[in-house]
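There are two complexes below, and they share chain A, which is joined by chain B in the first and by chain C in the second.
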Partner chain A sequence: MSLFFIVALPFFGALLPGLMNSAGRSACAGVTFTITLAAFVGLLTNLPAIIAGDIVMARVDWMPALGLNFTLMLDGLGFFFALLILGIGLLIIAYARQYLSRNDHMGEFFTYLLLFQGAMVGIVLSDNILLLLIFWELTSLSSFLLIGYWKHLPEGRQGARMALTVTGMGGLAMIAGMLILGQIAGSYDLSVILQNRELIQADPLYLPALILILLGCFTKSAQFPFHFWLPHAMAAPTPVSAYLHSATMVKAGIFLMARMWPVLSGTPEWFVIVTTAGLVTMVLGAVIALFKHDLKALLAFSTVSHLGLITMLLGTGTAFGAMAAVFHILNHATFKAALFMSAGIIDHEAHTRDIRRLGGLRTLMPVTFVIVCLAALSMAGIPLLNGFLSKEMMLEEANHTKLFGSPWLVPVLATVGSLFSAAYSFRLIGHVFLGPVRDDYPAKPHDPGAGLWLPPALLIVPVIVIGVAPFVAEPFVKLVTAAVLGTAADLPSAHLKIWHGLVPALYMSIIAVVGGLGMLAIFNPALRLWENARRPEAKVIFEWLVESSARLAQLLILPLHNGSFSRYAAIGTIAIVIAGYYAWATGTIGAPTYAMQTADPVLISGWCMLVAATLGMVFLHRNRFLSLILIGIVGLMVSIGFVFLSAPDLAMTQFTVEVVTIILMLLALNFLPNRTPIESSVLRRTRDAGVATAGGLASFALAYHYLLRDPVGAPISEFHLANSYKGGGGTNVVNVILVDFRGFDTFGEIIVLSIAALLIYALTETLLDGPVRARLLNRTPDQPRAGDRHPMMMVVLTRGMMPVVMMVGFYIFLSGHNEPGGGFIAGLIVSIGVVMQYMASGFAWTSARLKYPYHGVIGAGVLVAGFTGIGSWFVDKPFLTSDFTYVRIPPFEKFELATAALFDVGVFLSVVGAVMLSLESFSRLARRAETPESLHPMDIDPSRTDPPDVQMKPEGS
Partner chain B sequence: MILATQFLNIALAITFIALALGQILSMVRLVLGPTSGDRILALDTMVINALGLVVVLGIHQGVQIYFEVALLIAMLGFVSTVALARFILRGDIIE
Partner chain C sequence: MELILASAIGIMTAAGIYLVLRLRTFPVILGISLLTYAVNVFLFTSGRARVGAPPVLRDDITTYTDPLPQALVLTAIVISFGMTAVIVMISLGAFLGSDDDQVNDQPDPPQDRSEGSS
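Take a look at the complex of A and B:
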């Protein structure tokens, strides 16, 4: 199967469980299992090529200019990891089906799991490091969803947040490291980078790149000092822990270190950083694990410890170390996944994971006992189980490793780590299963159904088979090791076997096991000692760090960004004025190229009115109703100004928008006091006045200068004028720009407009559903109400106007392409026509006559515009390419048909829908309980026989 | 013909000045008030005068494309007046 399918299957498959949730829990799990199985089988079809030593590649150019290509590569290493991810994934899915309770949303869980799985497979199969980074971030995000799956648990949410913060920051560091690496190698393709070991290691930027990439790996693989997030991530459901912390997420960092091994390893820097971090993590993790009482916390710290072991082995930089690391990855994945699942079983059956409350489960849960026993003994390093083999190889490698000039440091610490590792493994068996049966378990424990114990039991099979007959795994381990080593080192000749003779590693192993048993014997005094010791608590430090950086950010941002709009406006205005003044003072200004026009009295009077209205606005703005009237004057004069400057399109738009705005404002003003209270000090208002004056004068100066001179560069309007008719088939340049040249912008704008309208609707709905509803319904008007609600004269007038308005709208729409008009203006005109009916006959009467809800109109508009754009794909043209032709249907004259007109229909519909939906939403708020809805068109109607529902005398008087 | 053009020009100048004067006087009424009803009526008068200005401007420049603007102002100009008036009377403009 093509590599693309293997990567894409989980991603596309992730849609299914979410959609199928209502089909039942088994269906969800079944479809997830099938998808994973398909990817697994697809992977296996590539096995022959891998065994033959080939590298399977698949490539699609994505953004070649950036070096970002969708290139996938499958070699031994990638195959190994993909096998673990998909294989253990299958077992986890089967296990999760039984583990999750009825209250858990199954579809959601499996969707997250598949997303995560796809991202992991993507990481291990990526050939392009930029692509790898994308998948890397995807694992951080999807693991966040998985760890926080139990949203009701605060620990789950905190753990998820911590994991995301730590791994996400590591990921950011790694992006920088990878970019440096790509710059050094001259390519972002791994297959190229891996060939350039000497070039990369000789580069002065090698060290920064190494440190940044290792930051990514260490955070992901929970290496000291970033180990703390992993235990907190244990708040996740057990299947997640088992999957993330045995085979996948935390192994991603290990994988990357192995992948980069040929180019990055072998230098002293690599050796010191990686080996030290691994060694410290191994010992620290093992010691902490021994004293944890929560089963999953114990396993979490043991995972940290084992990851440290693998990291240390990769850090040594020898071929043998790499082979031991590969072997231990395999062994650890098997026994650790089995242990996690068993811990889940115990939690599931005994309702507690606290070791202090358990014990004596051996007879109660015999099957689980056997599984845990074998897996834990393997983890402790007991012969005839697979953990022993790789641990002995580790000790052997440690024996030959000299760190900081001391030949003793590494072997001693490795033995100490193994000792504690053996101790916690023995504790796991001894304190949970052995000992007397108790009678105070939270629930009576017994073995679960096969659905729960079969997946871990299957994982025990390789534990034993490899442990007894290591030669079975040898070809595979060597194949993977060869892929890790690349051309950097030769494959080691050592074989995997149980008996190496009386070598130092054997003695160290014996010391570890015997010491581990001894440690368990003195466990209680050791625990007291441990609990009395003062230790730094990672979570507290982490939260302190997060909070202090948040405080620092607030300190920097809040003075500038405190939520006061006038402050933003002031800062923006001052900055622009200063920048403009700087440009004016330092730049050269050409002589005026135009002469001033003379002003005639009519123009001056128009100008005077504009100024007077604006000034009036400044001084009277606290009277809200009066300021609406003044806004009306400003709008009117601006419209006339547009006409005078030969822009009838703008004038029409301005005028219609003005009408709609007044209506909208009046609807809102109904709920507001008529006067704006004075809220700011005199000083502040003086400051604001100063800023406003400076801004106004500056824009005046700019306009004055600009209008008298030719533009410095050639303006784009030349192009539009030249191509409007030739390319767009319309003589109205404004309209052709809107629907053709910048059609894509318009498409975006109508979508924004539609979203805004829907938002207003949603907010209204929320208000009307909440406690505010009662207050709104029982409002008393703040002033007496006069006249009748639906006056007959207005009804008659607006009914007569309606067809005329519609026809004008239609005309303006059609003439738009060549003469002033277009879909936007037509939409506003038609909306005003409908609003007139609302005002005349009321909300209820008009709503009852609506055939289509406004949401539908909005949606239809966006869809029509979108489909018009998509239509051009069918003729192999880019999105929204327009075309036009001339047709003649007798007896009409020749006329033009343009796809742009179809697009304009979309604009028209969304404008009508958006305007009407927002006005309607506002007016819904004004419904009151004491005035019943009237379904009659007018209050006084001679043809009506039932008594009129109008109060002729003014209310409240 | 020349006489007709001259006559038209004089008529246009008078119309322009009359309309501008009307605008200014409406504006004065709007500022003086005293009631909101007066102000709304003043605004309505200003809309009518503006309509006149657009038409006269079209005649003066000899172009037809301002016709649609005039049409729109004539057809929809009253809507904001009605809305403002309804607000004064009823508070709620869509009942």
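Take a look at the complex of A and C:
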């Protein structure tokens, strides 16, 4: 199967569980299982190629200019991890079906799980490091959702937040590191980067890149000092813990270190950083794990410890170390997933995970006992189980590693880590299963159904098989190791076997196991010592860090951002004026290229009215109705100015928009107070007037100078004038620009307009559903209502005018390509015609006569415009390429047919729909406010036989 | 003529800024509308002010005004209607929700939270 499908299957499949939720819990789990199985089988179909040593590639250029390509690569290492992710994923899905209770939303869980799975598979199959980063961040996000799945638990939410913060910060660091790496290598493709070891290691930026990438890996794989998030993420449901924290998420950092091993390892910096971090994590995790009473916390810290072990092995930089690391990844994934699932079983059956409240479960839960026993002994490093083999290899490698000039530091610490590892494994068995049967369990424990114990039991099979017959796993481990090593080192000749002779590693192993048993014997005094010791609590430090950075941010932001909009506006205006002044003062201005033109008396009188109305608004703005009339005058004068200055299209648009805007404001003013109170002091008004004058003078100066000079660059307008008729088939250049040359802009603009209208509709709906509704119903109008709200004269007039308006709109639409007009203006005109019906005959009457909802009209408009654009694909032209032809149908004269006209239909429909939906939403508020709306067009209608009870006296005060 | 246009732009801008700095939503909306006019006229005049030369092609005419700013301003006018409608709606919703049409955040909410349901 193509690699694309393997990655895409979980992502697309993630849509299904949510949809299947109502089909039942088993169907939900079943579909998730099937999707994962399909991806798993798809992966296996690539196995022959991998065994043959090939690298399977799949490539699609995405953004080649940025070096971002959708390139996938499958080699031994990627195959190994993908196998773990999908294989253990299958078991987890089966387990989760049984584990989640009836109250848990199954569809949600499996959707998150599949998203996570897809992101993980994406990481391990990416060939492009930018693509890898995208998947990397996706795992952080989806694991956040999974860890916080039980949203009602505060620990779940805190744990999820902490995991997201830590891994997200690491991810950010890694993005920087990867970008540096890509810059050094000159390519973002892993296959290229992996070939450039010398070039990268010689670069002065190698160290920063290494540190940044390792930050990403260490945070993800919970290495010291970032180990603290993992135990807190245990608040997740157990299937999540088992999946994320044994085989997948936390192994992502390990995977990346292994992936980058050929280029990054082998330098002293890599050796010191990685080995030390791994060693410290291993010992620290093991010691903390021993003293944890929560089963899952114990397992979490043991995971931290084992991840440290693997990191240390990768850090040594030898081929043998890499092979041991690969082998331990495999072994750890099997026994740890089994242990997590078993811990879930115990929690499920005994209703507690506290080791102090357990014990003696041996006879009560025999099946679980066997599973835990085998897995824990493997973790402790007991022969004939797989954990022993990789631990021996680790000790062997530690024996040859010299850190900080000391030959015994690493071996001793490795032994100490193993000792504690053995101790907590024994404690897990001893304190939970052995000992006397108690009578105070929170619930009566017994073995669960096969659905729960079968998945961990299946994982025990490889634990034993590899442990007894390591040669079974050897070819596979060597295959993966070869992929890790790449061309940087030769495959080690050592074999995986149980008996190596009386080597130092064996003695270290014996010391660890015996010491572990001894540690358990003195557990109680050791625990008291541990509990009395003062030690830093990582969570407290983390929270302190988060809080202090939040406080710092508040300290910076709150004084600036204090909720005073007027202040922001004033500061913004002053800043713009100062920036403009700076440009003015430092730049040079050329001589005027035009002489001033003489002004026409019409223009001067228009200017006088505009200035009078504008000043009137400033001084009389407290009277809101008056200021509305005044702004209408300003708008009219602007329209007349457009007529005068050779812009007929603009004039028509401005004029019609003016009408609908005023209607809209009137509708709003219906609810708002009619007067603005005096609130600001004289001083403040003087200050505002000063700011306003500065802004006004600045824009005056800019406009005045600009109007008298040619632009510096040659404008592109000549092209439009020259090609409008030849290329666009229309003589109205403005319209041809809108529907043809810059059709894509227009397409975006009608979408913006539509979204604005839908937003208004949504806000209205929200208001009418909330407490505002009651307020509207109880509202008494503050103005006297008209006794005859729908006067007969107006009803008759508007109805007569409706066909005329429609015809004018139709005409303007059709003539738009060659004469002033077009879809925008026609849409506004038709809207005004419909609005007149609302005003004259009432909301209910008009609504009852509308065939199509306005949303539909908006949608139809955008779709028509969009499909017109797509149409040009069928003739192999780019989106929205237009074409036109002239036809002659006998009784008529020759006329033009253009695809641009079809696009204009889309514009027309969107404008009508958007304008009407906005106005209708406002009126709906008014309609709820006033009781009851007449269904008749006229309040006083002589032809009606049931004259309504008309209130001739104004209601309200 | 240039002086007239530039001064009209300047006066509308000044009045717009002054109204935007007021404390209640309605004058602020009017101020934004005035600023919209000023900006649209400014953009329009960037194609030069010409009388009697509309960009509608005719056989015997060779001088036309610049069509491009006109096309851009046309959509700007329509979109500014949409934006005005949205801010009017938001201010209306805010007023209906809290009986308060002040623009700035108030230190102490003057209204009781349970008021709407009474």
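We adopt the following convention: the second predicted complex is superposed on the first by the 924 of 957 C-alpha atoms of A that agree within 3 Å, B and C clash if a C-alpha of one lies under 4 Å from a C-alpha of the other, contacts with A are read in each partner's own complex, and residues count from 1 in each chain.
The working rule: a contact is a pair of C-beta atoms (placed from the backbone, for glycine too) under 8 Å apart; a residue touches a chain by one contact, two chains touch by 3 or more.
On a predicted model such as this, the values are computed, not experimentally measured, just so you know.
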item	value
Touching partner for A:662 - first (chain B), second (chain C), both, neither	first
Contacts of A:621 with chain B and chain C, given as first, second, both or neither	second
Partner chain in contact with A:759 - chain B first, chain C second, else both or neither	second
Contact breadth on chain A, by residue count: chain C or chain B	C
Partner chain(s) touched by A:648 [first = chain B, second = chain C, both, neither]	both
Partner chain in contact with A:716 - chain B first, chain C second, else both or neither	second
Touching partner for A:820 - first (chain B), second (chain C), both, neither	both
Partner chain in contact with A:786 - chain B first, chain C second, else both or neither	first
First (chain B), second (chain C), both or neither touched by A:634	second
First, second, both or neither for A:697, with chain B first and chain C second	second
Residues of chain A at both interfaces, chain B in one complex, chain C in the other	628, 644, 648, 669, 819-820
Residues of chain A that touch chain B when the two form their complex	601-602, 605-606, 608-609, 612-613, 616, 625-626, 628-629, 632-633, 636-637, 639-640, 643-644, 648, 651-652, 655-656, 658-659, 662-663, 666-667, 669-670, 781-783, 785-787, 789-790, 794, 801, 804-805, 808, 812, 815, 819-821, 829, 832, 835-836, 838-839, 842-843, 919, 923, 926, 931
Chain C residues touching chain A - in the complex, by the definition given at the top	1-30, 33-34, 37-38, 40-42, 44-58, 64-68, 70-71, 73-75, 77-86, 88-93, 95-97, 101, 103-105, 116-117
Chain C contact footprint on chain A (complex, rising order)	562-567, 569-570, 573, 594, 596-600, 603-604, 607, 610-611, 614-615, 617-618, 621, 624, 627-628, 631, 634-635, 638, 641-642, 644-650, 653-654, 657, 660-661, 664-665, 668-669, 671-673, 676-677, 679-680, 688-689, 691-693, 695-697, 699-704, 706-708, 711, 715-717, 720-721, 724-725, 731-734, 737-738, 742, 745-746, 749, 752-753, 756-757, 759-760, 763-764, 766-767, 770-772, 774-776, 818-820, 824, 828, 911, 914-915, 918, 921-922, 925
Sites on chain B touched by chain A in the complex	16-17, 19-21, 23-24, 27, 30-31, 36, 39-40, 43, 46-47, 50, 53-54, 57, 65-66, 68-69, 71-73, 75-76, 79-80, 82-84, 86-95
